[in-house]
Each structure stands twice: as C-alpha cells, then as structure tokens.
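In the two complexes that follow, chain A is the common piece, with chain B as its partner first and chain C second.
Right after this comes the complex of A and B.
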C-alpha cells in the first residue's frame, strides 16, 4: 500500500491535481531510475523531491518535463496523459541545475525566448512588457542588454527563473536550482523562491538533496530512495511522524535505539531496548513492527539531567556550544553513542554538563517513534 | 632535447624562409642576394597564367570549402543522434579520411572518376538529343569534388568537437521553452557551432588552396596555383616562383591563424 499523501491533507482536499504520476517507472539499461511512482501534484502547491544522489529525483522531474519517456505508467498534466507529448508542447517550464542560459543571447532575449515561440505570435511590445515584468519580479530591471557571462551566479540563477516564469507555466520544475550558489546566497534565494511562489501562485516542483531546503520551502516533501517514493507529507509530518528509519534518518537528525517489540496496539508499541529498559513510542507505519524494531528519538526531545535519575545513564563524551542550543554527544555502555540537543533554557536549570560527567537521559513517551529495524 | 627541437624546426623552416627571403631579392639569380625589391611580386601578379591559376584556385577553394562546411556540418549534427557500432564505424571512416596520404586519395579519386566517366559517357551520348553530347572529364568539378570530400572530414571533426562541448541542457532548455526541433537548431545549435563551421570553412579553403597532390591527379587540364608552380619549376626556380610561393604561404598562414582565433575565442565563452 502506497500513500500519496494527497488525500490525507485536508487543507488541499478538493484542490485540482495539476499533474499526476500513475505507476510510473523508468529503466535505463540495468538501472531502475524510477520505480512505480505514484504522485499527485495539486495546483498551487510547492512540492519537493528529496533524496540522496542517484535516487531518481531528476529522472522524475524530466519525465514531467518531457525529456524522458516512462518505461511504464502514465504521466498526466491537467488530466491529460502526456507520455507521448514532446517537451516543446508541454505547458511546463524547467529551471536547469546548470541554468542552461543561452550564451549567445542577451538577458532580455533569454527571457523572451519562450514568449517568442508562442503561436499566434505575440507583439514585440507585449513581449517587451512581459519580459520587463519578469525582470521586475526577480529584481533585475536594468540588466536587459547584459550578456549572460557578464552576470554573477546569483544573477544568472534569477535570469533562469525569470525565463521560466515569464511563460506562466502550469508547473514550474526546478532541478537543484540553488546547488551552485554559496551558502549565504542560497539562503537569500530560498527566501526569494518562496516569496515568488506565493506571489505568482504557480505550482513549483523542486528537486533537492538538501533536506533543510526541502523542509523550509515546501508545502509537501516527497522523500525518495532508490527510485521509489518512500514517504510524502508536509515537512512537519515527515519530521514528527516518519514511517521508516530511512525517512527519520534523512529528514532531520535522529537517534535510533534497537530492541524488541513486546506489546503493541492502538497506535503505540512497547520496545525493550538492549539494556533491558522498556520504552513506549508511537507507531507511524500502517502496522506496528513485530520482533526486531528500532526507536527513533530526535536529539532535541531528549532531556539530560543530573538530579532526576530516570532513563538512560550516560557519560557526556563531547559538548558543542551552538548559541541557542548545546549539543552533547553522550555514551551508554550498551546502547552506544547518541546526540542530545539542549535548549539554553534547560541548560540554566540543570546544566551545562561537562565532558566526562555522568547524566541521565530521558524523553516523553509521545516523542519516540517505533519503526521497523531498517 | 631543446637543441634537438631547434634543429628540427631549422630543418623544417629554413627552406621556407629562404624562399620568402629570395622572393624579395632584387637580382634575378637564386644564388646571391642583391638588395630588396618587390618587383617579382609585380611580375607574378601581372602574369596572365598566374592570374588564371589563382582564379581557378580561389574558385575551387571557395566552392569546395562551402560544400564541405555545409555537408560536414550536416553530417556532424546527424551523427550526434547515432550511437553504438554504427557511430564507431563512421568515426573510424572520418579519421581514416584525414589520415590517408593525399597521393592515395588523388590516385583513388582519379581511378574512380575515370571508371565512372567511361561508363557514363556512352550512356550520356545515347540519351542526348543532339549529336554533340557533353563528355564528362577531369576538370574543375572533379577537383571540387575531391577537395570537398577530403575537407569534409576536417569540418566534421571540428564541428563535432564543438557540438559535444555544448551543454545538452541548452537544446533541452530551448525545447522546454516551446521551440520546435527546427527552431532549436536554427536559434540555439547553429549560432553556437557557427564559429566551428567558420573555422572549418577557412581550414578547408586553406587546404584546397595549398593542395598540389590531389589536384595533380584530378584537375585534368585545369591549372591551380600549386600546379602552376610545380610546372614552372621544371624550367628552374625563378624569383617569380618564390614570390608566388610566399604569397600562398602568407594567405594560408593568415587563414589558419584566423581559424585558430575563432575557435579559441568561442571556447572561452
């Protein structure tokens, strides 16, 4: 049973799907780059494909754009099966990772390229006006006559964006559009992207392997692995209720404690950890795991204490001061190392802890998630 | 190693330098320098046989280079879509075409054309309405044909290098922006490979303009500049010949340098 996340989300219920993948697979020789993808993209949403390198994110995007034909399954745009529709006939636009700006054309000509292909032809003035508006949106007015190589990386990125949005596509596809930018510029562009999407209301599909980027920008994130969709949900759903160890590990940071399930029911399960300690956690998958399982706990949900001697006894192994938080790497003889993130507030009450000090780690029952072992 | 290289270059370029030097010699004898003069250039350029040969060379060179650029570009673009063993076969044939010595191409083209003409001429005479049917024979056309075929391989290699250096995303971006494959070719691919085509054209012209060996076999009664030079030196090396040689050299060098600059500049973009 695969969940497409679409029906779950009441805020989007009733919205029209602008594009759909139905059982789409793509094979390159021996590599199954896309494995039975099911996905429905709602009009106006900001969706991200998130996953490690080579998991098939670009392939999924290229099938939407029309650069790859699925080996099986159907791609729909606006309720029409478009498997055999060539890229130049699809009402979608793409922002390429390398930007793919035309080096022999000016900024203005690059942005107007798509408009000039429209039939019936648009008037020169209409094109100029639309290009001007698009330049305004990406804050590049005055750069019309520049050559591409005279623009900085961030500016090129915005030209690429303008070149796509000026056509008001039904779907804007972005393949790691910010990957080539330095950290500071990337942050700025992330905010701009999000503003832009709200402002123009075009559906965005973003490919990224940066989980922070996916979580901060998207309405929904589609976590992928080895050509498959592992889980789709809002950033919060993925963070709070990962359905597999893969998602818990990939989205945010998590600690995993292995053990055996001794009891389960009503969306909860009890796991006895290797040190004999029973812990309770939520079950997020359809069925509670039987036998071997692992318990996932986010570092910020673990509390370290000196006085309250409940939970897991640990030795503080390393301490990193992060300003608002302090990150501890703690060690338990049987359970191994794990991370604890203490907010400054609790540090004032019961901290800070020094390296080598013994402390007690505990968490609220509701914050742990019981998952399949792998 | 340095010294060795210097000797190699001396060996290669001394004769050329001597020809250039003696082309400016005021005296008539190739054995002694008697002061600077441009008179042999004047003599060469006012010689009707030289001018005829020059005209033939330029016409043949321009037509051959144009055809080679056109077909070479078409072949390079078409080969882009070909993969696997077929591609390997074509690649091999292109490189072989460049590496085969000119004399082999000359003889092979001669034999092929003579054989073809021998078969075609009676047939042409038979279907021709009047008595005086034209005879196919060696001449400008066979020369243009041979030069086109040989230089086409050069154009293919140069244009293909440029094509494969081109970001595939550019043509995809064009398609993504609603351009048909034809529009994409005309508005994206062609402008981007234009420098390579131009460089290929210049190299082809240079090759044709310089070529003696192939021309010697297939030119029939036509005289190109290199053929004229060759036939004149059988009557002895005159300062006039030196002047012609120097001019051919200068034209070739200038074109080659321009071609290099075009390629280099387009690579930097």
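Right after this comes the complex of A and C.
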C-alpha cells in the first residue's frame, strides 16, 4: 500500500529501479521515433508517458515489452540488458490499446492464457484459482464462460487488464487502455486502475495523450515530444514548475506573455512585457533565459478585479459558467487574449463580470514562471 | 414497391438461373437414370432400377475418386498452408500483391497445356530418364495415381492458397504480439492463436477443392492415361462414347449423392470443431 507522494520520496531515496532506458533511440527509416531516451522506472511506481500523437510513446513502450529492438542504447529490466530478449521471455505484460483479446477463447481462457504458457506447467486447479482471483479484482466474476464479443467495451478492457495482471508481471505496460471508452466509463476505469495498482503493487507504465488522466493517476509523468523526453516529474512539479513552454502548454492550460528579460538571479527573473509592465517570476530551467522570454501564468492564478486598479487592464470578451468556476476570456490591446479562471468564492466578492466590462487582471509574484520564448 | 417485392426482385435472376441451369438438368438426369438405353444409344423412357443395379461395374472409378479427391485435397492443403502463411504473415505489403499474382499466374494458362507439361515431366523422357542417368531404372511415374495426385495438387493449389491467405491476412497481428507478450513461444502462438483463427479459411479451401475434385476428369484423363480414372471419366465415356445415357445418369446421380453426403459430414465436423473450442476447459 502506498499514499500519494509517499512513493516519490522512496523512489528519490534510491528505491530499486525495475526498468531503465539508457540512451535508447529507435529509427524507422527516416523517422526517429525515440531519440536518446534516458529513464529509470522505480519498483512499484505509476509512471505515465504523456505527449501528442506520434511523439514516440508507443515505441518506447514496445521497446520495454520486447516488440521493437532499439537502434542504439540499452533497455534494462531488473539490472539485465534485455535488448535481445524476445517478448515471450520478458517478465513484462502489456494491455494493448485495442485490447487484442483472443476472439476464439472465452473470458476465462483469455485470462488464463499467460498462465497456461508457464513451464513447468501449472495445475488446472491453480490456473482456475488464479483466474478466479483476477476476475474478482476486475469485478467480472460470473463472466467466465462468456465470449469476448459478448462483452461491452468496458468489460473487454477489464478482461485485458485481468489477462495481464494474472501473470504478476514485474512491469505492466498500458497503451492508452482507456482511449476507446466514453468519458464517464473512462473516469470510472481511471479510479479502478489506480485502486488496482495500489492493491497489487505492480509497477505501471501508462501511455496516454490525455493530460488529465496522466496527472490524476501517476506518481510521475514523463512528458514527451518528437521522440524525446522533455521533462519528468511528479504531476505537481510539472504543473507548478514546467521547465519549458512545451510542458507548460501541454500539462494543464497556461497563458503566455512574451517580453524581454531585464534582470535575473537567485532563481528569479524580471521580464518587461510588451506593454512596458515589469513582471517577476520564478526560473525553473537550469539557466535563466536571456533576451526574449515568456512568462507563463495559469488561468486560475489570475485575479480579476473592478476596484483594485493594479495589473493589466482588460476587457471581458467572453464568459463561460462552469459551476465551481467561471472562465473568462479577456483582452488587452497590446498583450492579446488570455484566460482567467475565477473560483465561485471570489466571484461573490468582486464579480461576476459581464461581457464588454473593463477589469484589472493581476497575480501573485510567485505564481508566474519565466521560460524560454519557445 | 414493398420491401417484400423488392426482395423478390433481388432474388429473381439467381432463382431463374438456378431453375434453368441446375434444377432442370438435375431433374432430367434423375428421370433418365430410371430409363433404358435405346438400340442406337441415347435414352428410352422406362422405369427400372437396372441402371443402379449395374453400378458396381464402375466401382473402380468411384474408388479412385473417393481416395484421390480427399488425398489431393489434404495434400494441397498441407502445401498451401505454409505458402499462405508466408504470404500473409511474413511478407511485406509491398511484395504481397506481387507474390500473390505469381501464385495465380498458372491459372491464366489452360489446364490442358499445364497438364501436358506434366506429361513430359513425368513421362519416359522426363524424371525417369534423369533417374536412369544416376542408375535408378524402371521407374514409372506417368499414368499412375501418383501422377494424378501431382496434377491435382498443381492444378488446385491456388484455389487452396487463397482462402487460407485471406483468413491469415485478416488475422489481427496484435493477437500474435499479445500471445508472445503472455509468454507463448512462437510455435505455441501458432498452435493456440494462428491455427485456430485460420480454420475457417482452411475449411473453405478444402471444401472448394474437394467439391471440384469430385467432378474432375481432365487431370485423370491426361495424367492417368486411362489407367487411373475418376467418376468424371466414366461419365464422359458413358455419355459421349457408349452413348448409354440412362446408365450414365445413374452414375451421375450416385456421384451427386456421394458428394452431398460427404459435404454434409464435413460441415458437421467443422461445426463441431468450432463449438468444441467454445467449451474447451482451461486446458
């Protein structure tokens, strides 16, 4: 069992890495699908690969599973280099995006498939018992004799999950396992996935291009772009301290204001925005940007005000009521459009604002992040 | 027009075709089979079972057909399967089409010409002559059941390759990865995933080839040289040579019945194979 956050401290403390990528690259003809990946996966953690379509997430996963051989670099599982170890010899199981369940077998036979491959052979009763337990875990008891095509999408997804976990792999790889499900079912399955991982303690590596999914489920998220790892960190680190505009943009929503750096030091920098306003922000990258830079501010960190005439003068351009929050699209003549997310509480004090109304946008100095321009 | 009327309209051409080209001739043959031979050949109306009583005289033809048709089917299947597997699973998309075309190319030449080629290859100046050169004398290949089987395999291979290829090509390759991921060695994956999922293709191919082989006469005529003959050859003989239409019809009706019975048994077996998999226990 683990708490959120607890495992991260453990993994930092040098918990044993279950799998590693060392300078791994994979080339398909002209396409460099994986570019010098370095990654260490700790035992028991829930890691996500997050990135846009075609950035090499599946390729990275397939190299861990043994379906692709790296063009260069080393893949390690349990401290052993496994570059040339075939998939069927790796202590790793995968949940395929399309599930890849065997259509000619029943639910029970699908789940027992991996167990039946083990040598020395497992007894029939052992297999039946383990399959029963796995069915319990994914809450599908009673469906043993069903055919795959008699199961709904969500049920199939759970069969695929059971088929993988029943083998108690050292590493469970999940390639967008929830992508085919509708929103409501996806939410439910996300919670189930997280519970499951805590319950069985297997290391999970999840591929997704849904940032919300990655942030809510993972201990650590590995943000990828164009075959490279852009930043690895806990969801909170990525959200609060993105080291590049790419990450700030991909993880959550952010507003970017361009300007020039005028001073920097001690992890902070001052940027003069295009409207001449100086803004101070944290520097998250190794070196503070010089010259052109951009300031990233999350919409929920910006406060709109009528009375307090400090910050940026804006005109409210659009308002969307979201229940707990209200989202405003506001416009400033020189800085352009940006988003503001006001919690209901502050709305009661100083709002709501109507379309066309003039207001003042400001944020706490610590909430802005100064990043390279692109 | 109602949906019902439209359905009938859709079925009309096929129904007309079947009535004129199948039901009518089969009925004629059935009626003829109870008749008698005229003095100068042909058919004289009668109702007698005499023709059927005479069937044992043609036993050899039935025996050859019933042995060589299944044998040829199985042999063709055993050769076609690895070929289809190679084309469907191991060949890149680029080469697939071209290699498939190469498989069909023989179909573009007349079976007559292709069988003549085999007469030369298997005949006295072909393989036996080569064997003589290395000291093996007196081997006879042409006009033997072996020659007929060779001809059958050669002639029907493409017909067998295609359905098997289609079933293997349609097979989701991720299933093979999933199997391997779950720890199955390549051979185990083949036996547990590839083979069961290609059974429909194999079944279709075998059925097609078997049915056509039951009515085959050209290959035995050319490569069997009158020594190995099928029911088809008997029919040619009876209708065209001895002009004994009544007896010929009785032989034809018997062939149809034998074919229907074997196909029914075969379909039952295949269906059993499919349902058995359904309730196979965990092993």
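Simple rule for what comes next: the second predicted complex is superposed on the first by the 362 of 374 C-alpha atoms of A that agree within 3 Å, B and C clash if a C-alpha of one lies under 4 Å from a C-alpha of the other, contacts with A are read in each partner's own complex, and residues count from 1 in each chain.
Quick note on the criterion: a contact is a pair of C-beta atoms (placed from the backbone, for glycine too) under 8 Å apart; a residue touches a chain by one contact, two chains touch by 3 or more.
What you see is a predicted model; the values in this text were computed from it and never measured.
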When chain B and chain C are modelled together on chain A, clash or fit: clash
Partner chain(s) touched by A:113 [first = chain B, second = chain C, both, neither]: both
Partner chain(s) touched by A:128 [first = chain B, second = chain C, both, neither]: second
Partner chain in contact with A:222 - chain B first, chain C second, else both or neither: neither
Which superposed partner A:94 touches (first chain B, second chain C, both, neither): both
Which superposed partner A:297 touches (first chain B, second chain C, both, neither): neither
Partner chain in contact with A:104 - chain B first, chain C second, else both or neither: both
First, second, both or neither for A:149, with chain B first and chain C second: first
Partner contacting more residues of chain A (chain B vs chain C): C
Those residues of chain A which chain B touches in one complex and chain C touches in the other: 65-67, 86-89, 92-94, 96, 98, 100-104, 113-114, 117-118, 163, 167
Parts of chain B lying in touch with chain A, wherever the complex brings them together: 167, 169-170, 172-181, 183-184, 187-188, 191-192, 269
Chain B partner contacts - residues on chain A that touch it in the complex: 65-67, 86-89, 92-94, 96-98, 100-104, 113-114, 117-118, 149, 163, 167
Residue ranges of chain A in contact with chain C within the complex: 65-67, 86-89, 92-94, 96, 98, 100-106, 108-109, 112-114, 116-118, 124, 127-128, 131, 145, 147, 163, 167
Complex interface listing, chain C residues touching chain A: 172, 174-175, 177-186, 188, 192-193, 196-197, 277-283
